[in-house]
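The following pair of complexes shares a single chain, chain A, combined with chain B in the former and chain C in the latter.
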Partner chain A sequence: MPGSDPERRPAVMARRAHKVFYVLGPGDTLRLLTMRRPTEVFQALSEISFEVPQGEFFGVLGRNGAGKSTLLRLLGGAYSPTRGQVYADGPTSAIYELGVGGNDRLTGREFAIRWFSLYGTAGAKLEDVLDEVVQFSELGEYFDRPIFTYSSGMAGRLYFAVATVLPGQIYLIDEVLAVGDEYFQHKSWRRMRSRLAEGASGVLATHDFTAVLKLCDKALILDGGRITAQGAAPAIVRRYLELEPPTGGASFIGLDDRSVPFAVQTEQDLAIELVVESDVDLPLLIGVSIETFQRGIGWEHLLQLDPTVIGSGKGRHRIELLVPRIPLNAGEYSLNLFLVAQPDPAVFSYNVLDARSWSHGSGLTVLVTGPERDGLFRLPVCWSHAEAAAV
Partner chain B sequence: MTFRIEARTLSKVYGEGKAAQRVLDRVSFAIGEGERVGIIGANGAGKSTLLGILAGIVTPSEGEVEVVGTVHAALTVGLGMREDLTGRENLYVDAEMRGASRPEAEPVVEKMIEFSELGAFIDRPMRTYSTGMKSRLSFASLVFVNPEILLIDETLSVGDRWFAGKALRAIEDLCRRGRIVILVSHSLGSIVSMCSRCLWLNSGRLVEDGDPSRVTEAYRRQIVACEEAMAIGDLGGENSVWCADKAVRVDHLELRDAASGAPCRIFDTDTGLRVTAQLCIEKRLADPEFRFFIERADGLRVGESRAPVHFGARGSTVEATLAPLALRPGIYRLDLEVLSKGGPIARRSQVFKVTASTEMIGGSPALRMPIYAHARRVTEVDA
Partner chain C sequence: MTLSLPALHPRTVLGFGRHDLRLLFNLTNMALRDRFLGSAVGRVWALLNPLLLLLIFSFVFSFVFKSRLPGADNSLSFIIWLISGYGPWLAISEGLSTSASSIIGNSGLVKNLSFKCELLPMAASLLGLVPLGVSFLLLAVLLALGGHAPTAAWLIIPLVLVLQFTLITGLGLFLGAINVFVRDVTQILPNLLVVLLFASPIFYSVDAFPEGLQFWVQLNPFYLVSNGYRVPLMYGVLPPLWQLALLTAIALAMQVGGLAYFRRLKGYFDARL
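Up next, the complex of A and B:
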């Protein structure tokens, strides 16, 4: 995994962390005063262990009430673990659950000042930091009005702007990338991408799997306060989505044991021979996508073939896939193939007969070689010098 | 009794003197029985204030409002919930406040508890709830009442994706049962599918009032225009220029339609883009190159192309064509740079927009370059 240096300490770590809340009933205050434990407890987190290497974001997926927010609070030091250890290698900047954890009678400015007096400004001048927050959040005059007058989108913009304004922090982010309109989401992504490019680390708790795919290398799923799965982000997202397996009826032949990536040089043709065996007397379609999970870019659909008829009827079909002069820069890409039946126009959904895709846990890889270049694509630009006069 | 709402020149001003903020400005409308009204508008347009006035928790500064019917309002997550009581106790207190006795309330409250999916938390104090849990309880408390006039702020549907679907169905169901429903939502789709009428507020003023499809479409167009303007700002402005040294400059940059050669700023993804630049290179450069680079509004570095500069000319023109453009619809910035030893020394940038007349089915790829699949049926496969 690029960026994860075994010599360096992890940015964030939890080792067998537990969090237990005491549920106070009548008489329990007295019990506490006499140092006896209240009888009723709520086990919010159990046996939480994971590590976030420096320079990576880690995804925490789970339903409401799964313990995501409690986990972030634990990592940020707002709670201490009942048992086990948590650790963050540097200053953390956290947006806990939206709209909670602050006094909403404060104005945006007062909230920000209180925040920075608590967490510091990493040497920057408070005025400059506040200016940056107003500018990024685009709250305008609302910055000097109480937070309870904000809509949820405005509050989200404030919290996001405050928590991400300082570079070089360990960012603990709860759901916030889903806040605001499309424009603000773009802007938030720009900021997170640039923070990641600067080498920042963090944890993103969310139920939006696309955010995890875009930002995180690894992820875990929390359910009832326990980790039910942990690993590479695409695999974890797959678990989280619980996608229906392909229905069968037709299948790709000879790809099952393929572990070698398809290799190609940038701007050369990528040609792949496929064999499909069909047991059904129906038109068959093939859909193809090439996607990336590269660091700092995240999940992105790059090239795509919409489902296209490749034949009809039982038997074997041979298919030649061709990506002419593949316009991708050097790197590793995910290749996904879908064999689908003719769509039902009424429901507008495809019946997937067979798939070789990351989302079904069976994706293929394309390895593109070539010189290092900026950006994802090698754009096929034609150059001409209209006039030239030699010196 | 005929339920109705009538607002006459409603205004709301917060603050005094110089700091005064007019958040609602002479808003008038009348809503009759059976109407389901959606309210849309940007953040800070006055939607929440208007809902607050109709609910009777905000007093208008000017104008008056007449409401005939009992108002049920779901405006803020956890509003009206008593933090120290348990979820169950809160539901019973609400029922009592509406005049139901405990035996009358019990079956309804039990249904609400089931709907909320709060499990053991229903008997714990509200202060121990997460936002999502409070939101579920708020919803549950609405679902089984029979509202006369219902005010809903849909932004309250914070929840996980399982509960959000359930909440949406509940809202739809409520809208059918309510005699008058007023719904504030960011989801234009919900407004169109659930409402019979739509009000659009902009900076406190009522700018449109009418058919939901028509009003939401007008609103959508305005949002797109605004977002584009902001995206252009984020990309460094419409047209920006930089040089390390006055002796090497990109003096002029023009984006054109590749086919017609006409200056153009909005391209269909299937058409070509040609950029022409006038350069001024007044000194000899080591390893000079041109670079054509595209960045997307969300920060994605799309890619580049480079070409060697074969000359050190004064006042040259360079032309570069990308056809078809093949980019996903959106806002982009094109940089044309002069490089020396791989590092930029002069740049001029221009923002452009890409549209598409056709949509792809399986998602929206960053680049619409072709992949081909050719097939033939075989009886025997020799491989």
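Up next, the complex of A and C:
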């Protein structure tokens, strides 16, 4: 991965951090003003420890009220931890709340100038930075009109453009990647991907798991201010989604060693031997998909086979899966196998009896070797040529 | 043997570094813009408002009430006397009102930007420089008209200015912090300031008080400030040194106390903002 050198300091780190808020009841004000501590506290975060290596994004998943925004502000320095330590290796570009420090009567340009006067321009010339903001937000002449004349989408575009225009080192993002219409969202994602490619690090707090998959290498789940799980992003997302575990009744045998990938040369046959042991007296179907994970884009289904009947009845079945002349170019791909049963042939619904897939935390890997080529597939084209009759 | 450099500590004064000074400047600009952002006349109102107040009070006290300085029959010298006391009061009033609401008015910044939010009331109190500047300009014109030449005593005026703003900043820190929890402060403050204005010898001389009370009245720091400007400008001599010493003591106590109080309370702001 570009920029993630393990010997360098982490970009962001929390070590046993706690955050406590004081809850002020009606009687507490006088206590407070006479310098006594309020009694009631709210433990917003407890025992938060994690590290974000340089050049990586880290996802923080959680429901509303779990403490994601508090954690982000803790990392960005807006709050101080009541216990423990929090560390960011450099200035953070914090996008918690769009439009901070704004005032409706300011023009877009005045807002941007005010923002940069508070946050700094990291050495760049103010004029150049403002030009980039206008260009990215596509506000045109509205840039010099007061913000109260903008639509909410335009205001969102202005704030997002201003917050992300400087190539920051560390981004702390709180749910704001969904600003604007589809076109602008696409632009925003492109911008975040290019920042990522430039080696940016960051923390993304969200309940949108697809965002975490698209951008993050690792993630954690926050629940009631505590970390309940931490690890590789796909596994965490699966856990967050509480995807149903397989029901059992039949299972793949011998596919548990996932450290050895299936190796195949490009355009050669891929043959995989499967052993299935079944305890149910039903037709067994297997679904297959090959996916690739591209940073900044997400999981892409490349090849998929809908569940197909491969056997029936109790006992042990030997199955060979053959992909003749696999068209994939060199690279590492994820292979997902689903063993399903269709209880009612008339109804198009499946029970997953067993699975080896990323969404169950047990994905298999296919390693395709061969010459480096652009694209994921070789297009299997046949040419033919006939003489055209002279006119 | 190698020499090792001592650890570099960033230079701080009262807990503020150089970066904070630049931020203070930016926040003051922001406060100034925000104060007059909605008005049609814009920033001109910042100058026009104090000017109108000074003129109307001069008119009412001088021509309607026919107040005169004891021993003089001259309305011009009374007006100079009035403005040199009332001008600083406008600065105090403006500074205190804006700093009281500075935290809750900028709650977005306090909650999201990582900075020393003590700077907000401090920047707000500096807004008082605007009406003060207007009154100085007016005074300059009137003094020239009255034929008063600058004297050496005028050199004390910058010191009084610094002391005045130290005082306002300190008080502003107290008010700004308390107002987060007791929002009535911004409601009560305008009335309180009016009461203080008329209770202090600003429109009238100290002699108007009975003998026994006169000493206690002179302990009023707002009186000390206006006297600090008034005496050099009117009479060309320094104000009594004990008054300057007392003002210095009160201003420093307010500044240090205000900072300490604010910093103790700011950890709890997030419970109310």
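A few notes on this one:
Throughout what follows, the second predicted complex is superposed on the first by the 257 of 391 C-alpha atoms of A that agree within 3 Å, B and C clash if a C-alpha of one lies under 4 Å from a C-alpha of the other, contacts with A are read in each partner's own complex, and residues count from 1 in each chain.
In the analysis below, contacts are C-beta pairs under 8 Å (C-beta built on N, C-alpha and C of every residue); 3 or more make two chains touch, one makes a residue touch a chain.
As the structure is a prediction and not an experimental result, all values here were calculated from the model.
Once the two structures are overlaid, the count of chain A residues touched is higher for B than for its counterpart among chain B and chain C. Judged by the touch definition given at the top, the superposed model places A:Ile310 against chain B, while chain C stays out of reach. After overlaying the two complexes on the shared chain, residue contacts for A:Ser69 are found with chain B alone; chain C is out of touch.
Legend: residue contacts after superposition of the two complexes on their common chain; A:Phe252 is shown touching neither chain B nor chain C.
Using the contact criterion defined above for the overlaid structures, shared-chain residue A:Phe160 touches neither chain B nor chain C, since it reaches no partner. Once the two complexes are laid over each other on the shared chain, residue contacts for A:Phe21 go to chain B and to chain C alike. By the touch criterion defined above, A:Arg114 lies against chain C but remains apart from chain B after alignment on the C-alpha atoms of chain A. Contacts of A:Ala94 after superposition on the shared chain: chain C is touched, whereas chain B is not.
Of the two partner chains placed around the shared chain by superposition, neither chain B nor chain C is touched by A:Phe143.
Within chain A, the residues touched by chain B in the first complex and by chain C in the second are 21, 23, 97, 99-100. Across the complex, chain B meets chain A through its residues 14, 21, 43-44, 47-48, 77, 120-121, 124, 128, 130-133, 136, 155, 158-163, 186, 223, 226-227, 230-231, 234, 276, 284, 290, 292-295, 297-305, 307, 310-323, 360-381, 383.
Put simply, chain A touches chain B in their complex at residues 21, 23, 42, 63-65, 69, 97-100, 141-142, 145, 149-154, 181-183, 186-187, 189-190, 193-194, 207, 253-254, 273, 275, 286-290, 297, 300-308, 310-311, 313, 315-324, 327, 329, 338, 373-391. Touching chain A in their complex are the following residues of chain C: 23, 26, 29-30, 34, 37-38, 106, 108-109, 111-115, 178, 181-182, 264-265, 267-268, 270-272. By the touch criterion stated above, chain A contacts chain C in their complex at residues 21-24, 29, 32-33, 35, 38, 73, 76-80, 94, 96-97, 99-103, 105-106, 114, 117-119.
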